[in-house]
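The following pair of complexes shares a single chain, chain A, combined with chain B in the former and chain C in the latter.
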Partner chain A sequence: MNIWERILQIDRRYIFLLIGISGAIPIIMSFSLPTFVTPEVRGVYNAIDALPEGAMVLVSFDYEPSAMPEMDPMAKAILRHIFGRGLKVVGVTLIPYGTGIGEELFVAMEREFNLKQGVDYDFLGYKPGYQAVVLGLGQDLKGSFPKNFYEQDTRTVPILKDINSLRDFDYMMWLHDDAYGGYGWIIYGRQNYGIDIGSGCTAILATGMYPFLQAEQVTGIVGGLKGAAEYEKLMGYTGSARLGMVAQSSIHVMIIGLILLGNIAFILSKRKPKKEPSG
Partner chain B sequence: MGFFKRQLPMIIVSVVGFLMIVSYFSPAPFLQGMFTGANEWVQIIANFALVIGVFSLMRAHYIKIKRKEAGYGYSIVMYICLIFMTFVGLALERNIKSGGVFMWMFKWVNTPLTMTTFSLLAFYIASAAYRAFRARTFDATVMLVGALILMIGRVPLGAMLSDFVHQQITVTQIIPGLPEMAGWLLSVPAMAARRAIFLGLAVGIVATSLRILFGIERTYMGGGD
Partner chain C sequence: MIWHELLGIWLAAGFTLAIYSFLYKDNPAYKLAEHIYVGVSTGYLICIAYWEVIDKKVIAALGQHEWIVIIPTLMGLAMFTRFSKKASWVSRIPLAFIIGYTAGVAAPNNIQGLLIEHSYATINPVLTAGFAPQLNAIIMLLGVTCGMIYFFFSVERKGPIKVAARLGIFFLMIYFGVAYGYMVMGRESILIGRLNFLILDWIKPTLAAIGRLFGG
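== the complex of A and B ==
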């Protein structure tokens, strides 16, 4: 077995070690890299920025804790933008995990912006049924959610006084790590009730959102940690997304290096050794 | 008996299905009211489905424990967690809020565990990429080049690298930068493929729905015919 064949059969634990080191070093050394804002992210930012003070924004927290390292920095940056501009937020979720995620984010924002639940924001919580929930919110919000996450009667919550349907919202931010309910927010929320939607999703899902962006069914896409880093740049602060992007860049370079090494070894190991001259 | 088992469910499905289609497109108050009512039913049934899901999970793990199958210890852990969280959620904290036991468990137990499991993917993906991304054929080479451009073009380093090359070698400015190449890959070939999948799915859903409404597709009733 020559050296190239050995490289091809390298123990995967060495690869794990290299990935671990390439992710840890930039975080420990606190490197920084410039962030370039893409039109997709600017689409969401501009849509929120154009809303008048006091406008109503619906935020759906449709992601699981496994996606939190990628999604939470994005959710925080977007919520900071929304609350910083004096907009009102109503939260909801189509998945059970979304209740814990939404509640934690609202509590963090409440402290940061001195908000009042029921006046500046409200959280409807979770209801099973995916598309049925979207349709229910479109037809009769208070009928669909008679009580909010805090067990309060939604008919008595001040922020919901003039909100009866999805049509009463000025914008919607869909934070998601999957297409829960087969893109119900777009199919029914956008198409039936005309709500403008911004998508904030995991990087792996971003590719699937491009057809909706081109069809103008979403105003923009904030995709993964990269999108979150771009949003942080637009907001003018360096948060965990921009710091995390350095580690992600380093890991990407390491994977590219490993793939190239694997291909060089693959090509060279196939080469037949030159025949010894006979005689 | 055959009528109640076969024909009646089919008639109900067909009548309700066609009425739902008509009410979706019609602004008539009677049909809109029916559509709202049906939607409420769906949400109520979805709640029951959750309960059935929990019981199904408990049953599957109970069988595993009873038979002492491999890894049955994890099933015991599942039971302990399920009972504990249900007790906290229903008995201790009627109103789940930040700062309580339920949210503490969610934040400091559930979240770190799921995040850790998910983050392990990075290591396995790196290992799999090292072994799978080989330029064996033309198709594999195209995929390899596309993956490399996307990986470097989607991080700040790609933009820095492109800028550096463009500044150092002026003639390369006619070639788009790595982020632009990655953006093109996402918004043209990847999107075209995605759109084709979406359209295929939509046509498939329409076809299957019509088959169910016309009684051609009957597998949802069981029996396999």
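== the complex of A and C ==
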């Protein structure tokens, strides 16, 4: 067995190890690479940037903990932009896991921007039914959510005083790791109640969101860690997304290298002259 | 750092390593972490479902004499009759309601939001945009048309239909490649998130604490 054949039969655990090392080195060394902003991400940024101070933004935290490494840096960058501009936020979620994620992000933002729950932001919490929830929020927000996540009567929460329907929001940021309700916020929310939507989604979902961008059903797409890194660049800081993208680039180089090596080894191993059959 | 935060970090680090140990080979540590994960997730979902739905939207509503919530509550409870062979037919009533409601609501919205708006967005740029976007739009329209022809199995594949279907495969392969690339990026992001946690939140602070302990 020559070296090329040995490479082809390498234990896959060495490949796992190489991928792990190539991801860990940039995190330990913490070096940086340039980030370029795409029009898709700028579409979301510009839409939020154009809102007047005090405008109401609905944020739906529709992602599970498994998507947090991708989604949390993005959610933080977008919420920093929103709260930094003095906009007000009402949070909601279509999935049970979104409650913990939304609350944690609001607590982090409250500390960072000295916000007050009920005045600067509120979190409605979770209700099952996907498109039924979207339609319910469009028809009667307080009837659909009589109590918010903090057990307060939504009729008495100051930030919700003039908010009765999705129509009363100036913008919506949909942070999601799946289509939930067949793209419920777009198909039912935007279409029936005219709310402008920005999509912040996992990388896996990003390709599926482009038809909605083409149809101008979303103002932009912040896709995966790459999109989050671009948003951080627009916000002018280096957070975990931009640091993570260096690790991602390093892993990409390793994967490309391994693919090339595998193909070269395959071609060269085929060149070995076959032994003549004895006798 | 508060002690319970420290405990949380050590537990999370331990479970992360236990889960990744599967990459070496299946082992009891992985099995333990997997079972705890499944148990915690299910418990969390049940708690959220109770406090966010049953407590806030049913018990609280009944407390305010909103008796209408009894109907959806009973329909929800009827779903549990599936556990009994004799009574499972009852679950068909709420299921029929869900299917009927969803189909009724979804049909017009999906036709408008997906079919009409996306068709318009595919065709319209061909007619209105400048040269470069127009070229893009023509390629896209070609891709959509050929992709649809590929999935049209009622006509024999010969002549122009065969060519269009082959071209459809070509466009589909590009889409699969892009989607797969994005999927790999997504999976890498999860790994990076865990590496970030292990290195920045666990190893570095632990090494710093050990250094301080030994007078560093």
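To be clear about the criterion, the second predicted complex is superposed on the first by the 272 of 279 C-alpha atoms of A that agree within 3 Å, B and C clash if a C-alpha of one lies under 4 Å from a C-alpha of the other, contacts with A are read in each partner's own complex, and residues count from 1 in each chain.
Definition applied: a residue touches a chain if its C-beta (ideal position, glycine included) is under 8 Å from a C-beta of that chain, and two chains touch if they have at least 3 such contacts.
The structure displayed is predicted, hence computed values, not measured ones.
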Now for A:156: first (chain B), second (chain C), both, or neither, which partner does it touch? neither
Would you sort A:251 into first (chain B), second (chain C), both or neither based on which partner it touches? both
Kindly classify A:2 by the partners it touches after superposition: chain B alone (first), chain C alone (second), both, or neither? neither
Looking at the overlay, does A:238 come into contact with chain B only (first), chain C only (second), both, or neither? neither
Once the structures are superposed on A, label A:104 by its partner contacts, choosing first (chain B), second (chain C), both or neither. first
Touch check for A:263: first (chain B), second (chain C), both, or neither? first
Tell me the contact category for A:133 with respect to chain B and chain C: first, second, both or neither. first
So, does A:216 touch the first partner chain B, the second partner chain C, both, or neither? second
Do any residues of chain A touch both chain B and chain C, and if so, which are they? 16, 19-20, 23, 66-69, 99-100, 127-128, 132, 135, 149, 151, 203, 206-207, 211, 214, 226, 248, 251-252, 255
In the complex of these two chains, what residues of chain C are touching chain A? 23-24, 44-45, 48-49, 52-53, 56-57, 60-61, 101-102, 105-106, 109-110, 112-114, 117-118, 120-122, 140, 175, 178-179, 182-186, 188-196, 199-200
In the complex, chain B residues that touch chain A: 35-36, 39-40, 42-43, 46-47, 49-50, 94-98, 103, 106-107, 110-111, 114-115, 117-119, 122-123, 125-127, 129-131, 133-136, 144, 147-148, 151-152, 154-157, 159-160, 179, 183, 186-187, 190-191, 194-195, 198
Residues on chain A engaged by chain B in the complex (per definition of touch): 10, 12, 15-16, 18-20, 23, 33-36, 38, 64-69, 99-100, 103-104, 107, 127-130, 132-133, 135-136, 139-140, 143-144, 149-151, 203, 206-208, 210-211, 214, 226, 245-246, 248-249, 251-256, 258-259, 261-263, 266-267
Name, in rising order, each residue of chain A that touches chain C in their complex. 13, 16, 19-20, 23-24, 27-28, 66-70, 96-97, 99-100, 125-128, 131-132, 135, 146-147, 149, 151, 182-183, 186-188, 190-192, 202-204, 206-207, 211, 214-217, 223-226, 240, 243-244, 247-248, 251-252, 255
